[in-house]
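Dropping a structure here in structure tokens format, bear with me for questions.
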Amino acid sequence: MPLNRKVRYGMVGGGPGAFIGGVHRAAAALDGEIELVAGAFSSSAEKSRQQGDALHLDPARVYASWEEMVERERARAEGDRIDFVTIVTPNVSHFAIAKAFIEAGFHVVCDKPMTTTVEDAEELCRLVKRYDTVFGLTHNYTGYPMVKQARELVRQGKLGTLRKVVAEYPQGWLAKAAGINMWRLDPSVAGISSAVGDIGVHAWHLARYVTGLELTALNADLTSFGKGYELEDDANLLVHYDGGARGVIYSSQISVGEENGLRLRVFGTEAGLDWRQEDPNYLHLLYADRASEVYKRGNDYLAPIARHNTRIPFGHPEGFIEAFANIYRNVARTIAARVAGEAPGEFDTDFPTVQDGARGVHFIHRAIDSGRQRDWVDARYAPPT
Amino acid sequence: MPLNRKVRYGMVGGGPGAFIGGVHRAAAALDGEIELVAGAFSSSAEKSRQQGDALHLDPARVYASWEEMVERERARAEGDRIDFVTIVTPNVSHFAIAKAFIEAGFHVVCDKPMTTTVEDAEELCRLVKRYDTVFGLTHNYTGYPMVKQARELVRQGKLGTLRKVVAEYPQGWLAKAAGINMWRLDPSVAGISSAVGDIGVHAWHLARYVTGLELTALNADLTSFGKGYELEDDANLLVHYDGGARGVIYSSQISVGEENGLRLRVFGTEAGLDWRQEDPNYLHLLYADRASEVYKRGNDYLAPIARHNTRIPFGHPEGFIEAFANIYRNVARTIAARVAGEAPGEFDTDFPTVQDGARGVHFIHRAIDSGRQRDWVDARYAPPT
Amino acid sequence: MPLNRKVRYGMVGGGPGAFIGGVHRAAAALDGEIELVAGAFSSSAEKSRQQGDALHLDPARVYASWEEMVERERARAEGDRIDFVTIVTPNVSHFAIAKAFIEAGFHVVCDKPMTTTVEDAEELCRLVKRYDTVFGLTHNYTGYPMVKQARELVRQGKLGTLRKVVAEYPQGWLAKAAGINMWRLDPSVAGISSAVGDIGVHAWHLARYVTGLELTALNADLTSFGKGYELEDDANLLVHYDGGARGVIYSSQISVGEENGLRLRVFGTEAGLDWRQEDPNYLHLLYADRASEVYKRGNDYLAPIARHNTRIPFGHPEGFIEAFANIYRNVARTIAARVAGEAPGEFDTDFPTVQDGARGVHFIHRAIDSGRQRDWVDARYAPPT
Amino acid sequence: MPLNRKVRYGMVGGGPGAFIGGVHRAAAALDGEIELVAGAFSSSAEKSRQQGDALHLDPARVYASWEEMVERERARAEGDRIDFVTIVTPNVSHFAIAKAFIEAGFHVVCDKPMTTTVEDAEELCRLVKRYDTVFGLTHNYTGYPMVKQARELVRQGKLGTLRKVVAEYPQGWLAKAAGINMWRLDPSVAGISSAVGDIGVHAWHLARYVTGLELTALNADLTSFGKGYELEDDANLLVHYDGGARGVIYSSQISVGEENGLRLRVFGTEAGLDWRQEDPNYLHLLYADRASEVYKRGNDYLAPIARHNTRIPFGHPEGFIEAFANIYRNVARTIAARVAGEAPGEFDTDFPTVQDGARGVHFIHRAIDSGRQRDWVDARYAPPT
């Protein structure tokens, strides 16, 4: 680490009972390189204070609102203020918060989907450029070391020319849900999409991260099976990629009994690969004419970037928090290098960016467009850089 | 068995080197209830004779052509002739052969797809009715006992109202194929489709067999990745079912390293199920609020129809040939009952029929239509009964 | 096949309701090379006749006793009598039946354990030599193609020098059994052992078949958990092999919920292998320094002997009956070659022999001795050849 | 948490490059309830300082030796000093360090095996009692939530009376090792055992934690396959438990390609269970007469103690560090309660104790005794309480 201190951050959102805020904090804490020093944990000042107390924060840095936080942290001396802010609020508020912190000179870690409109997403791209912000988007599933191994194998040409990509993300929690996490189904809070916007976008990003390919066209079949909401809870997409690969992306929140079944299969002219998030330490390589292979996390035979994103030896399972922590560690080291005026390490800039965020928002909107039109739509897109 | 002899059959096709002919013979032989007594194994009289010798058949009943076979077997005394014919020739010839044998008064077992046109398929439906033929189509994957268990669980309402159906059938053999089985890619022999017609139709049939639902609409994305042929080798379909369920059917022959990856997942309001052909002795039930279950072949707790279609105890794996043999045994017992003038057993009529065949041919044609139009098409259909 | 007819056999045992008799018949029938033509299916003449009728046998060749069968079949003209007898009676009667048929000039297929005493086993070895009998013992688990692949990999040195062998065979059926198959627990019928004699001996044979190593010493811990019988239903053995490898063999009939969990793991200086009978189409190779491999049945990259023992393409699961059928096919082809005065094919003599049977009986007795003495015993042995 | 601050600890050992020190720190950091504030990370003062810098510790609390640490921390004001020490040095030094810190009034977290002699272990038991120390031993595998679920199911009687316990722990790293971690093989540093002392003891503890049973007798077969060391690298044990259950414990460091294959299977009169450390989020329940079940981490249907030891929702895999963190969190909360003068929470005292440590050291010695004597030995033991 180029800094002789931990990288410091504050959190917006993540108050009592919020699952994802706890994951962010655990992920940030894991390596001892990052320190939580401030927070506006809730739109309720009281709840924010409670959370700050529970986390043993200095009460002076537990704020009643993110607006207060951005002001008061900016007012602190350089070297004493937070280095970055983590935004884990409902989707609709990401934009305003991110904009304010960027303009105040802070770096940002933001949950996905980045914004609820393409316009906002593009504005963030421009702001990030203008303020030279380090901006990390928590498409955390690409933090898994075996996902990075998969990408390396594609890059090395081991799969040949890519032809077929199957990305699936079935969940079942919504089939029997009663009131939990329901902001995800309220368009005024979550945006225009649920099954695509909440999880399909992860499957989409995982596929493009591993394959290096972008979508050219898609055709979506969207359904809302549940009662009491209008957003789709099931989404099946036909997709075309750059260079001719074809595939399917499907995501579902009503596939009862499925837990968090993100899976990616990629087939090229020479080999195929298969990775499952619920068994993340293993990557399967399939061949036409020889025994298939199982690559296992933590081994010396893996690519350097896979080893870089691993903490413990083979056979000692790493999970979701560790993958999440890889995003944090890479972002934090990039920030630390920035603060120290140094170049980041070779693998430290490997985290999803504001452009990835804009692409994701665009993808979500195109999927919804296609579902409404019941037809193929153009999915090509280039965000501002 | 109502007859005091084995049920007798002759085979058309299945000459030296033909994989599927050998599977049919092994499946028919397995239970000692069916006897191969005649054959026209090849369009080459010499090859037919060779095959007959290898099978230790009476040379007088090894024929130079199926036309000869139908004539000469019809000429034999009742009780001495074959009870049924098995047709395992390339798709394009199924119709003429089946028609001739039906008209000559024989029962029929026929490979899928049943015919290459919907018109021919419908004509077979009418012939089967007119001649009161027992007609079995070898959608063999529904012969697996745990598939029957799956259907029973759906019927019992254990899954609730069905919402999502994912049927997939990836193979990879064609990605590296050089000349093998290439009649499957020649439209003049195979018909208008490869990935759908050869395997997608199995996935479609498996889904409808288990769910009891028929398609109402579909939208197909078809690609021909290989060189030297025009038929599609990859097919991704969005599908709608009766009653509102949605889903995906995909089949592929270029998913390198996949072997015979037929898999079905069905999700209802109460539970989900998951079955894989490559691990066929197990059926997984998934719930929202309790431990998932693994049903295992051969146990007393399974449904009667699952136990009826099983030969050996739990833990002793049954495979593809045994599933195939279930189709044969059920057809043969139905024929035996017919010959004996008795009613067939409760579970003996559980085999794919000529109507299933006509539906399959219609499904294939609608998938190709949709792929060409790049749009949704109506998939509803009722064959002659 | 060197004969221009099927190989003919008769069965002793395998009457109505006997599971293993049906498996033998299905296995023999599978390839169309072997024909059941005679039988003494039960010690009850009436039950024997019923079974013969159900199997559509010529009533003249359905016998009231095995003694009658051996006399009457011997009296038939050469070329008309059975080529071999299959013995599927309870263990204690194997010896007398085998002896009689051998002395009458017939070849033999016999269930394991071959006899209930070492003396009887050795006498069979001598008889087989004297009468030049083809004698096949149905250690059927070594009929699986991936077991043969495993042996080839060991032979090729891919594992290096062998060090550790773990052979396990848990079952649970006896934990809740009430009266079923109870002859297995009656010493006057089954012999001196249950968990070792019924299934442990399969695990032992599987290990030695794959590794090529024989035991030098063993130490057994035997327990009888159930009520109403004295034979052990759980057996844990420490074992030493030729050349210094060590290991464990355990078998259990009270491991509730285990079905037929035979598994073999072998570790050498260079690699390890892992095979499970309940998932028999796959063989796992494990390495210290590269991705592990999954060998899959039916592929061209497998050893010739593995391909020889496979009937259908990859991805189409083969199971227990197919493995059993490999024993039968190899025995039958060896007999056919003998009858025709030819040499058997390269892979046709690959089946367990009378010496393997004698070794098995010796192993069982040494395990019981060790359990009684609560000490290590010498396990070295050489049967008469 | 009863304290309004984090619980503070110092670490002895865990210098640059030490794997397990990093795991301890990550586990302690995960929940934001524990803070590393001091350390004597190496017997080299320079390396200790380097590690302290890398961890951004106050240099005044980075010590050149553990002796210095115990003195200087004791000298700090109450409320400012560390609450507990973590000992992650090679085995032989655990005793002296633990003794010193206990006598200085600190609580202790210690790696296993706790000491290298039974006498030392018993002395620690007495010291812990005398000084009323909170002492946690990192048998971390029992920190997994599904292990706790397994124990609950046993306690609830779901398995009935226990009969068979199979605990296995194969590793392969030593088969090809060259110089890594070699202190584990030096008796003057590691103690008298390797395969038992390093990993077998984990398997032993896991079995007794889940079953609630202690060993009564054991018979060990120990082998040293490698060159350059004398300690055993492979151990196979026959074991007897209280109440009549029998089983096997085997551990191996030369099972090439095995990574960290700890697995426990327990069978009772009613049901069996199966848990694998490399797939730790799932627990399999096996029944004689109904579908087997898969319990999945993070679900509401699990026992309260399993849910207490889980951080994130189902389908988001937790791994080794999270299990380790459960030990830490429980220890830290027990310490926090002690400091605050309150009773610990219902589940907070669920961590391995100094008595568990003494039992483990005794088990290791009895295994070595048995291996040397090549005979059964008494394994009963009661440590000072």
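Every chain is named by a letter (A, B, C and D) in the order it is written, and numbering of its residues begins at 1.
By definition in this document, a contact is a pair of C-beta atoms (placed from the backbone, for glycine too) under 8 Å apart; a residue touches a chain by one contact, two chains touch by 3 or more.
Quick caveat, the model's predicted, so the values are computed rather than measured.
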Point to revise | More contacts between chains, B-D or A-D | key: A-D
Practice item. Could you work out which chain's C-alpha centre is the most distant one from the centre of chain C? Key: A
Review point. Chain A to chain D: how many Å between their CA centres?
Key: 34
Review point. Any idea how many Å lie between the Cα centroids of chain B and chain D?
Key: 55
Practice item. Would you please write down the residue numbers of chain D that are in contact with two or more other chains? Key: 258, 285, 289, 292, 296
Exercise for review: Please give the residue numbers of chain B that touch chain C in the complex, ascending.
Suggested key: 1, 4-6, 19, 22-23, 25-26, 29-32, 36, 53-56, 171, 258-261, 277-281, 296, 298, 311-322
**Study point:** Complex interface listing, chain D residues touching chain B
**Key:** 285, 289-296, 299-301
**Study point:** In the complex, chain C residues that touch chain D
**Key:** 163-164, 166, 168, 170, 172-173, 175-176, 219, 221, 223, 225, 234, 236, 238, 240, 246-248, 250, 252, 254-258, 265, 267-272, 285-289, 292, 374-376
